[in-house]
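Worksheet for the structure shown next.
Going by the order they are written in, the chains are A, B, C and D; count residues from 1 in each one.
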């Protein structure tokens, strides 16, 4: 699954949101600027909207909009943000059909106890049931976002709770599914990870100030020290008395999303004690063992296949080589004047490195195949550049099932692995051979991780209840606030 | 009260919102384009945000943002709006401190019965009480806008109502103050004017399609025929069976805002059966009778003093002349590089017409004085251009009291009439004489109107309960979503 | 000729450029900001491009672009301009087909003696001959602007001249036609008006610093004192020794453009000793004498007919009244989604004031008729609003001939007066009667002016040689640099 | 020399322009869209301005502006460009101090024979002499760009030439230095490479239509077939009779810029018969032989050190590993709110991959060192991530001399290699060892190329006359047209 797909034809699954929060102890820290940097470090988790909310003496001021971090924030609008005690940030992926400004986060609301800001990553599986309940009580919704629902649940629970913490604990009892949440009440920063631990969430420290964010790479971005992952079911509360931790809910089984290791997370992050880069490299090693081949060079599809390609090379002894040069100046803004544009765009974006592949038997590694068009194009680029054989290796098992826990995967009909066998796919994409990592192989790529895994999108075995079918489509009608 | 004040120093009261709605019967009408035109015709009622919401088969798509009509709508974003059966529009005035993107309208929400869009003009006087009630039940708020509160009230009432109409009627029982509302449910367009009739709202027809909007000038903008004003307390329902009217609530006394006649409304509008232009002209006539003077010419401050100046001229026999040329290219975007910019800006914006005023005794008519700086500047411009006498006449009584019904007036401390007598003001602004229209005179400028008046901002006598003091400031803390 | 024509259908002649220059003596003056204000005051002379060039120690830094003053200049780009000793400004009108970024002014060039900046208003009648000559010597052109040609002529003459003044004098010998020029050499500000005096150019003083600009209203904009008009054929040189004047070329007859008085100039300007407002008012008075009529009210088409309407009212005794309300928020950016947009736009832009015109016999004054569609529309708006008679009066003679001296007039075929008699035009526009000001009447509207007049566009009698026909179209092929 | 330097502190030499031209034979080709794609493929050669000029029936229409390809071109402005027979494109690098809109290319001019468009890459060494000559004849200049000078020379030569080809040949006699030029006359596309062959220029074919451009990677971008390099001193003329070639000028010695192989060109280009990628890989191999070291892993600084790192790994047997993860979302637009921003930006942009480097002896390869700050930062990042040794290897010799042939290199004082020995630099950047490629080694990296080399910036030995010192600074005073 290489990133240019998203630009070109949305042929792939999409990653989800990134969250950030800081509780400032050191006066000298400019938390708005720090949040901006952290969001750059999380940008790979969502490019549809970005936002920063500052808690200044209990009230929030927020800059957020559709667009990338570089587009949403300007010197002008950031200069209007004070340097608050608590600052939240968010980047968001949104499927196109749902590109709704009102869903941008952090969400800032007012309720009976004052103001509240929320940054969320995940997917609430009993969303529909809860929303029905709330609407039956007169609630109104301005978006279909999980964050708004969660805000409501907390507001409702707060009525009969003696503290925001108690309201959050009660809310956690109600909501199910995947959530890595950061909240700011007037005086507290609260972080919460669902009991399954579907999505990453980690704790760091910058001088004496605590930072919570989706991935450790964002800590590196701001020069913060990584302390540890937030545990599944753990609630952290940071206030002027320091840091307090509590496990508020447990699940039978922890189940971190394997697709985070395979594709979503950044390779320089360490999640659950495992380096994402090394997990991918290991996937490449196992992939060779499962699908050995004789060849002259091993290449990765940039950028998502590069790590696994190095593992494949190491295990096989076949030299690693650069197979493609990627044009770093091509963004998704290209629309082009004519119908043949899309085809040409692929050429403009990726160029096979003829000097390396000409006359060679090439192993090409990618992280996944969704519809197959991109892989087909990759194979063609290699053959056009003179490769005599092209062996495609995929560092994850075939995608066959929807994800209900925060990864946006195409409908099952669109997934090529639901319509074809591996042999048929191999013929379709025009490769000489094709090998996928096995489910068993996948289970080993991060076998030293501190928690269990979810491989539901590959295996169909979900680690938590999935939404009841009858409710699935009720909120497919969207409220759209166009930019 | 001339409009350049807003650009320069916000030295004046501010007008409030404009609303628009159309229920399309004729297929050939392009309602999005029509809404855009109507909003241009309402732009004088609010320049801080603009929006259009289209009801397409029961769901809404909305384009709205901070900015003027010309800035918010582009061919690109409008082209994404389908040609729905019902289309609402809104322009909004917002005091600067409250410039919150989340308050842009039309507000589109989802509740138990589907979607609902709201365009509102007015001010709910028991806002705080209702919000407290709702929050006590777990409600969350994303803005401090009246529209969001009204949406909540309707959603809450809808639970125990058999129809949206019934819910609206029950909601009208709860909310107090000024409201001219246009709603769209999935199948109906509903218009509602508060029982006092504080703000204007009128009905028109374009071919066979009904249109509801704040002022008749917006009907002219789109070539629609004016039918009648919506009556105080009247609810109109327009659906595929046609138009239905019902008086749902009455007040002891109707009380249309006199300041609409004096300043807010456009002179080509006809409200409550009275031409705004003629009302202003009549104010000028009475003004002469109350404060006669010998002079060579009568001029109006452009644009708001021009109508009254013609009446003054007619009553007095003193020739009407153009006193100022206004630079139509100056907008509020000018910020300038240096401190002396504001002074120069006034020169750039208005230029006294020396050819007319030199050596003359000049009567200069404006609609109001707030802080006095603008009037002072006007007098100086005339003297610099050679006027030998300058007699200032104001076509309304002195501003002394806050408005709780939808006109934004400066705090009482800032109102010069609360600090000085007319004589002192005359000396402060440097005029040879100064005369205000009397309260009695004001009462006659639209004495053939179909409903009663509110002159609370001048007299301090309010026609409806005003907010209880203890609640006033609770929501002064703002949620701000910066652009 | 009312300004909304330009927005809608370019149905009218177009005004030409505005020029500005200041030589700073007083250190405290912020000349960039002053130039910006002055350009706002000249914006009516051209809205296609705007620019400011600063002479800082002999080198120029320039901000210019397509667009209005408010769009071209930002705090950001102006902040990059130093506060130079000499600052030039320019606003430009460009016929659409020629919308070429490379033609924006001030033009800054380098030649053998260093740098030179030029702001120009006018039209060189022997442009083609001179350009042919220059190209035969190897010259290259990056635009078809007069300013570039003039720069070349000066550069060429400078080779054999001992000073920039001498080069300018020699250049004036070569170029013919209309030019009001402001130049900056490294150390001098030079202003030059052609010997006919076709276009305005005047001198003012701000504290001790001299200012030169197209119209006196721009002096008012910046608080400068008007000193006098630059004389036809006069060259002013301003440097650190002060102001030097010299008549460098004379014509048999001076011939100021009458259309400046009728339409182009701003009413608060005084040109050649005559108030533009009073000239227009006088045109209205004479118009009544030439075409008397019985009626109830006299109205002007905003904004260009308002001054003459007051004269017509005064001469006739028929009361002056406001006939139309103009929507000040409509700009040319409106493009609309559908074909019927243009029609609707007219309604949105101007609204007849029914309260004044209903049941009345209305005299409506405009400054000119080009194609007739706008007048037709104006008459229809009045009749729709209930006028029982509509008498159109035009405060200038029929347009029949092209202008070669800087006013852009439609091709002769498009001019309705070349295809129809006044009676036919009256029927075409649907008026009850129609009267044009006579040529003789026109000659009296500014009969106390200090110089002679050109009425070539009305009479066909030109006061100076016009371009030879064979050359006219050679440069109609345009170099276009699209924004 | 890694690209993020340019974003952050301009600490490195800058690449120069990219040129493109197509002569359309196949009607179905959309040449504007093709040019846009090609410019994306050349974007690495210049990001300061971009432009496309279309020759439509002998006249040109041009879209160009400051900014990247993605910012300059929009659907809106490209849609105004017709699908001409000849289309030129250009991307430009400009040192900041010279960021002048008037220098954007393609330059379109009119001269005695009609119109001419020019796209240029290179540097004319006798610029000052020629400009003096031209100015002495009355020429004016609107920029300091080479392209404007070349246009003048051609226009001047054209007077006494019977064809544009003859004028170009004569012009080539006058101009000296580096130039890869593409011209369009009304009917012909002309490409010209200087007799030294300093800069790349190649010929391709798309269907039956010829294409000329800087690098072969741009041919790949548009799906065109590479035919051959334009030879040093060769002039290609393409018109409706086909392709004509002529060697119009020869030099004693051909001298292609070695820095193109080291850094400027894209690795997937093939220039003078040599793959850029393989040349860099070979540099890495030789580098190991010249500066062997014992280590655990070899890493490259992304992106410019990656190719050489693979060669180093191959020659040494030390495993290649990913040392840094680059944040692809960071652009130069980041300015930050505070002084400490620059430091943090570096962290945000590059993150050392701790999983690979921790506890390792690391060889890190970069292509060059300019001021040394970036290398210092790279070493620090590796040490912070736990590297126990850091050995820096540079795949080119030390930079010590200016380039007069089109590469922008910092002044000699800023070059660290002019102030320190290699040992001192090693200590300054904090590495355990440092090794540069030798001049001799450099000469071998592309030893199978078809032409000779220039290594003047490393050796000080220039292959062609350099500008005479006295003229160097004359045009350092810039005409600046700010955006």
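We take it that contacts are C-beta pairs under 8 Å (C-beta built on N, C-alpha and C of every residue); 3 or more make two chains touch, one makes a residue touch a chain.
The structure displayed is predicted, hence computed values, not measured ones.
**Student:** Compared with subunit A, which chain's mean CA position is the farthest off?
**Tutor:** It is C whose centre lies farthest from that of subunit A.
**Student:** Roughly how far is subunit A from subunit B, centre to centre by C-alpha average, rounded to an integer in Å?
**Tutor:** Centres of subunit A and subunit B (C-alpha means) sit 47 Å apart.
**Student:** So what's the Cα centroid distance for subunit A and subunit C, whole Å?
**Tutor:** 59
**Student:** With chain centres taken as the means of their Cα atoms, state the distance from subunit A to subunit D in Å.
**Tutor:** The separation of the two C-alpha centroids amounts to 37 Å.
**Student:** Pairs of chains that touch, anyone?
**Tutor:** Inter-chain contacts occur between A-B, A-D, B-C, C-D.
**Student:** Sort out for me which residues of subunit D touch subunit A in the complex.
**Tutor:** 3, 30, 32-34, 36-37, 40-41, 43-44, 47, 68-70, 75, 78-79, 217, 220-223, 266-268, 270, 275, 277-278, 303, 306-307, 310, 314, 319-322, 325, 327-331, 333-338, 340-341, 344-345, 347-348, 351-356
**Student:** With touch defined as at the start, can you tell me which subunit A residues reach subunit B in the complex?
**Tutor:** 59-65, 77, 80-81, 107-112, 115-116, 135-142, 144, 148, 151-152, 155-156, 158-159, 477-483
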